[in-house]
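Have a look at the structure below before the remarks.
Chain IDs A, B, C and D follow the sequence of writing; residue 1 opens each chain.
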Amino acid sequence: MSLDVEALRAAAARLLVAMEREFDALNTADGALGDGDLGVTMARGMRAIGELAPALPADLGLALMQCAQAFTKTSGSSYGTLMATGLITMAKALKGRTTCEASEVSGLIAAARDAMQARGKAELGGKTVLDSLDAMAKATAGLTDAAETANAAADAARAAQEELRLKPATIGRARIFGEKTIGMVDPGMQAMTAIAAAIAGRG
Amino acid sequence: MKKILNNPVDYVDEMLAGFTAAHPEFYRLHGDSGRVVARATAGKAGKVGIVTGGGSGHLPVFTGYVGPGLLDACAIGDVFASPSAEQMADAIRAADSGAGVLRLYGNYGGDIMNFDMAGDLVEFDDIRCTTVVLADDVASAKPDEADKRRGVAGMVYAFKIAGAAADAGHDLDAVTAVAQKAADACRSVGVALSPCTVPQAGKPTFTIADDEMEMGMGIHGEPGVWRGKLRSADAIAGEMMDRLLDDMPLGAGDRVSVMVNSLGATPPEELYILYRVVKARLDAAGATIVMPLIGRYATSMEMTGVSFTLFKLDEQLETFLKAPCDCAFWSVK
Amino acid sequence: MKKILNNPVDYVDEMLAGFTAAHPEFYRLHGDSGRVVARATAGKAGKVGIVTGGGSGHLPVFTGYVGPGLLDACAIGDVFASPSAEQMADAIRAADSGAGVLRLYGNYGGDIMNFDMAGDLVEFDDIRCTTVVLADDVASAKPDEADKRRGVAGMVYAFKIAGAAADAGHDLDAVTAVAQKAADACRSVGVALSPCTVPQAGKPTFTIADDEMEMGMGIHGEPGVWRGKLRSADAIAGEMMDRLLDDMPLGAGDRVSVMVNSLGATPPEELYILYRVVKARLDAAGATIVMPLIGRYATSMEMTGVSFTLFKLDEQLETFLKAPCDCAFWSVK
Amino acid sequence: MSLDVEALRAAAARLLVAMEREFDALNTADGALGDGDLGVTMARGMRAIGELAPALPADLGLALMQCAQAFTKTSGSSYGTLMATGLITMAKALKGRTTCEASEVSGLIAAARDAMQARGKAELGGKTVLDSLDAMAKATAGLTDAAETANAAADAARAAQEELRLKPATIGRARIFGEKTIGMVDPGMQAMTAIAAAIAGRG
């Protein structure tokens, strides 16, 4: 089964529900290490995407580009900007196509990861959303079934979050807290875990 | 920490509506994002543009400093959130009058990524951009990692110097160089006694006991160097001056401007009490104070606390500091 | 409501030490009580003197408004306490340059008694004094007892007008008359959300629940007209405008200056949100806003809250309002 | 036994103790109806008088004038100014004399009351310190013994305070509270009760 704009719309609907639910949790996680706005960023971004979802074009590239713009328009937070950067990268890759195979997902995630790395100038292993994406790209490599791919990505995001939890933060506002962040979940990774779970239909 | 507001989602847009209605002689909205403020009367054609951007909640920073002798345009984000890259691109376009644009803003991840992205966007418009990132807060990183420091109240001095250099007709590289020199000559440190509330978050950004203070805290409530019992004004001012002078020693013959800045709720009465110590310390060092700024120049809404900024001058910087400027919050004549 | 201070007993003296050290171009101490501030450069000889006085804790009121086009001298009491009659007499002497002195101050028992006593004292010096007592707070008494009203932020307009008239060379009776006209044309109302702490008392002046506000409260925490749940910015502004316009109706063709004033902790962001409503209401009434003042003009240290003042202009008042003035907190060019 | 500067010094010492003790009580009473500074006013005024007490001249007029000035210098509050006004009036009456008879006390209090009334432009019966003084003047009229006079004044001050408690305040900051002040003690009367008690040696 290949992915099309309908699948994108359905995912957007699930993501909106998930981000509204995680609003407080993400704000709180970000508040402990940063400025406490990550829930706001995600909920606003997803609401904006939700608004344009019914009118999204069948061209997946154009559709993802519109999603990226919705994100940049509602928020200039680090995470919002990185998300938009990732989406634009995927949009460019899918331009002119109305479907996408599950087998392409790993490559798309990896491309997003690289673009976001270039934008944010952070290293892998720095305990950021990049580590989530890296794990997701690796876990989905070679998979061809959509459900299997989504599940593998969700599992990988959670596993990466727990693994990196034990390292100190080195990037963004959390960096200042240094060693104190050992044992704390990176809010951006927590958000990506929630995103991947919602895409996989886990709630 | 109680706020007077309507729907928190509208805080910034309503603020900007009142802001531009109140001061049409200084500010106008540019473009249709509703989040870009430009000078009411554009600078001279051929003048280098100075653009900034950052989160709301810091008035007069950032938007308030748009005006003659200061900034040309500003992109405004939600409270404590970077504006988007598109808004920044719009601000860059508003600031451009053919001689290129200096992007002058605080060292925060979101702002950097977005201003970089905005630079990519305006490349199509053939606008040449340079960047100076402001990182004056000594409490946020050691001297050997000074490039990781946060930008706080010292940004105001950088705006002033860059604005004056641009108004004086210098070209983009010269304006950028002097702005960088100003940025390098600023050191700030802050202390917070009570938090503020981001409207959309609905609760205070951090909590702190009734008898506690945090030395070195950032303007969004980022962590400082220690938290402990509230000390006397003189002890607080003394420690702040120690930290600043350790980082940038000053001695006989040095000329320096100082800013004693309220983060919001702390009243000018208390700033003056603190200024006694600042002046005594600089007098003792043999340094001369030039144009002290005491008031609310860079705030965090209703946060209680203060910051000190030292700005070490050379002849060029002093000339630009004293050059005329005007906006709704600050003017030099 | 946390304060940065040393020994509370020294709050005002230390404040004044920092204040005069920071702005020697505007202010100097006069006499030896340490509580009288006069212009750094005296007004023209033969100019009518304008003197005020009152408690500390309201910066820029009272001391801050000493300057060209404004006041000549000011006697400063402890926080929220009248200065003494002797200090006021000293201030009157500092303000006098042979043409007599207008005593221009707020309607508070202590200040009245002391300024009266001060008048007795300077009679020996052959200084002719007149008095205009400022009573602009509509919440503090009904219109038929308007002379019992408290003086609040509207005092700033009266200082401006009297200062401009004196600088323009008018004689004592003319200056007094126009100051009285300005006083009569001002209406203010305030709302408080949180209290402030008088340093020597050590605890907040009043208490108020976390979700409550008080409409009509005075700048020392004096009671208002109701206390209840915190309302939206638009509802608060609407009620304040109702109260002001009930007391002083404005209609088509009227020209009015408005002040949207923070009592201290309330940030400018929120003042601008409120100003939208003020402007909409006056636009709807057909009145024209002249020189709106949005900021901190008359405060209660770190109190959270705002006041609105309407100042209805005629041609003479508008001319004096727009005349140049300068001090560390406000200038008109 | 006639009153001299020694008696004045002893009274000043007792008053200082009393006002330090009543500091919080007077601030609180004033805070309920005014601006909460009456304790500050009284303590500072009495401290200033205490400082100059050892050097007070034997001339009772000069001595009281110095006390009045000490009060005006430390505070410009309504009460401080009224106290100074009253003291100046008594000082004028006693100028050039080193002793004063108990029989003169009633007249001195009445003179102070009148001068303070002229200064503050308030009516008798308005629930202010004037009512305390009025009662004290009346209760001491015709008395010749110092202790008896002091006791009568102290009793009268307390009785007036309780009587007026049942009326609404009409003067000063308390006026705004109107009917709500019925049942509340006027802080200025409370201060005068404490002053009279301290002078009478009641602590």
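The working rule: a residue touches a chain if its C-beta (ideal position, glycine included) is under 8 Å from a C-beta of that chain, and two chains touch if they have at least 3 such contacts.
Note that the structure is predicted; figures quoted are calculated from it, not measured.
Trainee: Once you find the CA centre of chain A and the CA centre of chain B, what distance in Å lies between them?
Mentor: It comes to 32 Å between the two C-alpha centres.
Trainee: Distance between chain A and chain D based on Cα centroids, please, to the nearest Å.
Mentor: From the centre of chain A to the centre of chain D is 76 Å.
Trainee: Between chain A and chain C, what is the separation of their C-alpha centroids in Å?
Mentor: Centres of chain A and chain C (C-alpha means) sit 55 Å apart.
Trainee: Among the residues of chain C, which are close enough to touch at least two other chains?
Mentor: none
Trainee: List, in ascending order, every residue of chain A touching at least 2 other chains.
Mentor: Not one residue of chain A touches more than one other chain, so the list is empty.
Trainee: So how do the chains connect up here, line, ring, star, complete, or something else (other)?
Mentor: Topology of the interface graph: linear, an open chain of contacts.
Trainee: Please list each pair of chains that are touching.
Mentor: After working through each pair, the chains in contact turn out to be A-B, B-C, C-D.
Trainee: Spell out the residues on chain A that touch chain B in their complex, using ranges where they run on.
Mentor: 27, 31, 34-37, 40-41, 69, 72-78, 80-82, 84-85, 119-120, 171-173, 175-177
Trainee: Could you pull out which chain C residues touch chain D in their complex?
Mentor: Interface residues on the chain C side: 33, 77-78, 80-88, 108-111, 113-114, 116-117, 140-141, 148, 198, 200-201, 205-206, 218, 220-223.
Trainee: Taking the complex as given, what residues does chain B use to touch chain C?
Mentor: Per the touch definition, chain B meets chain C at residues 1-6, 11, 14-19, 21-22, 56-57, 59-60, 64, 193-194, 210, 213, 230, 232-234, 236, 264-276, 279, 292, 294-296, 299, 301-302, 304, 306, 329, 331, 333.
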